[in-house]
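Going by the order they are written in, the chains are A, B, C, D, E and F; count residues from 1 in each one.
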């Protein structure tokens, strides 16, 4: 069986880095039985610093996920550390396993330490991620947040400067906050983990790798064991008939 | 000063009950210095049982709120007990106080008892409301959820049957779960509180009244004291310039 | 309907500021359909820094509230940020809505931000307020306490010095602790909020205004909807007959 | 060294059982180096079912404790499972160790099991005790409350009936709620533990014995090591000079 | 790269089912690039119902894990739902990823639902597992425990009876406790998940499969990214030199 | 009745200080009706900085406790602030009360303040103790940990240096962290409390004294009231017959 995995940027992407380089990056990391696609939205904001922007992209993201399900993908990653739409996707979809970089990173980190710090681009994202940590039950494992004060779109423009800031933040988290491992709290930092880990001497989790490897796992669990979200309670899905009658079918994609 | 309050159904409404009767209901309850409008969406689902439906209405709801702000309203109620879009609205808007029926009901109930139960239409909504309670810090005040197994759209169709079921659920919550007050966990039950309270002998909170009275309060706080959401941290708003450049301005209303 | 509201200082007051000026202050803030009285105890301590002092005033405060209820008041504010006697009053009283400055401030702040700091006169009050926050379910919203090291009775004596200290504490809370809004954690600071808010750029909650506006709301809820504390469980009231037989009737006021 | 321990009923006591029999009971249980006195209030309610009653007795209880300190007692027990005045006493007093039956029982029980149930006279007391458990950090050890629906004053009048009800409640707690030990949540049940423990086969904690033995321990810790409440922060005591100037000195006993 | 995985029964095993059949079971489930061994202790108890038994096997389990590390295994599963020795192993070992069935099952379940129930052999294990859930931050996701009252050693002896009991317990958890997914809380139930899931219509997590698939993931993370437990703080390992000097080296295996 | 108490070092002890001096120390502190023995292991590590070391000593510690029970001791102290084996011992033993220095210190401190700091030898122990605090329900009382960066074996070698470091850490905890009392978080610091308390002016809990006095209490509770761990649920003991059949009887002591 080939595991087909879709990586979705829940934003409009203009920088080819996040298309071509990311695709190469993922291909270098993936298992031999995997196929990967990278996609992004055709409209909307370039980043999700604001909840309003999240709200705007949410329908498009879910429709993209539905389309991926229809095309036979087995797993999908919503490529933002806020895990935007993760709960909604698990309710809506029937056969596609959906993975969030924050949840995947946190689950992996919780097997590597008892306290981790999350390095974020800016402080604005902290309450948003904190909300995720509480929902995931990981708040007691948080040593600290540390912000590097770089907008997400600049995190890849001057790689040397970004790595330098991340290193300083990470070093402070280890020395002062008791962090035993670090999570890079933004998908735009992909690839930076390696030199940070080498220099800091603690595990540094790359959220894209974490979510991609989780997606490989989830694709297998879903295919072999049908371990997909339960169809009652929180994830009871909307009925096709009602969606059809009301014109809400995701096929009804709002994107041009 | 006249307090102008907008009640927004975050759904498409077909039943005149939720337009005309609700407007009359609100006018009967409002303070003399208040003006009220009731509005609803022109497209989308008729209820919000599913998170996917919430996702679909979210941009339209926020844009409606932005339009209400531009028209000079002082406060607005998002008319669903899930408080859909409440966090996003508090980030986006600058002068409009936004109120959620769940938060308003819970805050009022927490001054009337140490344990309340929430009566919901169906069990599907329980994890959704529980999430709100945790965010609001009210989970330790919850005696129980009780579901009456009526779809939201039927809660007003057979009033006698609905009241009978709510009464049974409320009675069980008081007798078996230790509830000292009750909250009706669906805005479609407006008006039912009175006979339930008379029969059950404990306070029964109507979420529309609770949120409307909170909106009157919030309108005053906002006008007199500029006590509106802080502009840093969680509610730092998206900048107009960026939204303009990217074509995201709420004026860019997606509704026909 | 005229809403009659009683503001009770739960201490002996010697400074006319807290009588006449406070009354003028409240009259300037109140809605047109409100009447207000300010009262204080005729014996006991001048402040409530110590729990022992709280214990001493507690019977007198409750008896004063009972007297206010008997005189037909609709709502009452216990004028200390410790909310002294709030739970007891909600058990004892049948028709008078009782409001605490801490609970009212916290409920309003929780609609304006996801993290607030409380500025207190001295560190001694912090564990006392922290206890309230836990009971109210607001502890997860606390960014920090900051103390200005001024005794409560001096907070109004040198206004310029007090405001300067509060401003410094508030600025530190915003810059270092992640506060998105501030609460002034002492009723003796009434009126200071305005210049602090103007200078600091975040909402600054005045606990007297917050509680007074909540009292206006509560008076309406109680009159129109009988939303008063439930009579079972935590707030089951002591029976008149037993109190009479044992000579405990609040009419039995201990104050001279 | 003789350890002098004062047992204070924080109520007016009319039944000689709680004076003479209790004294005999304590003398039978006490260590050889202990002297004990039993006292009660000369005015006020006969029980503390209501928070208002607690408020009424609070000044008298604290003044009695102060008097006991002045007379050279080493430890004192406030004889009600609500631990009324415990925090206040620890702030006020300098040399007298004060023990609450609830805290003592819970601390002992937490060394005997991972889940206990508390058997109470009536459901009214449950929120009150729950508040204590949260403050003491014992809430996660609670299997359940079970109420026997007997007023506190009747718990000793028909001993056979009371024991029968307690046994039924305890048996249900063990069989249905997962209790591994039981606490009798009312000091009026003193002495009943023995036959309940024999019949139910799990530890049954008598709150008077628990608090008395804790008082013996605390008397020793205080005498030998000066391990008495810290004088800063939560338990910073009111200064004698201020109390004197304001006429608040506990010597100023309000009781006739 | 071949991923070498060691499944360790932390008990003495006499039933060939847990050797040969389990090995076949794992081979049927494993990825093509995996090699697996199943091993067990040569002394000690046959089950771990008691903490004392856990204490007895703990040194042997850790020494076995150390031996597996020395032999070049990449990941190991400690085959008991109590995750016995998991924290200790993560401190001790440097290159071997160690997986616990409870943590792996709970992490997978938390991506499939918002509330799960755990079906256990007997109630004795509940406080033990509850302790794990609190440490893992999953307690808020627990709908209930349900016990089938079968000793672990009988769970595979009468398969039809065991499945019947598990089905009844699972059905009750779904119908009465709000479970949206189920976890089989004992590794002795391996293989039963399939018919339970088919009949109950919710995901049923097999803890051996869950931990095995997690081990495959962890082996890859460890090999490719060196994402292994951090070497500071909670998982700072004991130094070889000190262990050597004191004769504590795991090579010093106590098993005959 | 003579209370016989066994103090067990859960390590191999080479320094006579911990044998002879500790015995003298305990004899000076004990009640007149007490007999005490101090013992230690005959093999294994000299300290328990690592969880692996804890795992190694655990069977020996439990077997020593079982032997103490068989010899008629009434209570025993496991002499390490990690309370190693405390839960296991309460399950295994039938007549011997077992006390942990951390639990005893925390219970006593919680009657002396609302916030305490724990001074530890090194930061490595912090997550270990934090785990205990969460289990005991004392985490909300923790002001801070402060580490003095001295290995446990050096804490008694240069007494002046150790006291100086403890004093600095304690002073910082009081001045900066809001500590109202201090706990010395290592049994190797016995005796230092006195000068620290005198200099710092807050209660300083010596964990050996705290646990020894708790053991005196527990010995009495167990002898007079049979208040020993419940025999169902978490502390249901392993049956002698099964242990005998499997050769697990603690008599089967592994120590030479």
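Everything that follows uses one rule, which is that a contact is a pair of C-beta atoms (placed from the backbone, for glycine too) under 8 Å apart; a residue touches a chain by one contact, two chains touch by 3 or more.
Note that this is a predicted model, so its numbers are computed, not measured.
Visitor: Could you run down the chains that neighbour chain B and chain E together?
Guide: A, D
Visitor: Which whole number of Å gives the spacing of the CA centres of chain C and chain E?
Guide: The computed centroid separation for chain C versus chain E comes out at 54 Å.
Visitor: How many angstrom lie between the CA centroids of chain B and chain C, rounded to a whole number?
Guide: Roughly 28 Å separates the two chain centres.
Visitor: Would you mind pulling out the distance in Å between where the CA atoms of chain D average out and where those of chain E do?
Guide: Taking the average C-alpha coordinate of chain D and of chain E, the gap between them is 45 Å.
Visitor: Hey, what residues on chain D touch two or more of the other chains?
Guide: Residues 114-115, 123, 126-127, 178, 233-234 of chain D touch two or more partner chains.
Visitor: Chain pairs in touch?
Guide: Pairs of chains that touch one another: A-B, A-C, A-E, A-F, B-C, B-D, B-E, C-D, C-F, D-E, D-F, E-F.
Visitor: For chain E, which residues are in contact with chain F within the complex?
Guide: Contact set of chain E toward chain F: 12, 43-46, 49-56, 58-59, 62, 85, 87-88, 91-92, 123-124, 126-128, 131, 134-135, 233-234, 236-238, 242, 246-248, 254.
Visitor: Residue numbers of chain A touching chain E in their complex, please.
Guide: Chain A reaches chain E through residues 29, 31-33, 90, 97, 99, 103, 107-108, 110-115, 136-141, 174, 178, 180-181, 193, 197, 201-203, 205-206, 209, 213-214, 216-218, 220-221, 224-235.
Visitor: If you look only at chain C, which of its residues touch chain F in the complex?
Guide: It comes out as residues 123, 126-127, 134.
Visitor: Quick check on the complex: what are the chain E residues that touch chain B?
Guide: Touching chain B from chain E are residues 114-115, 178.
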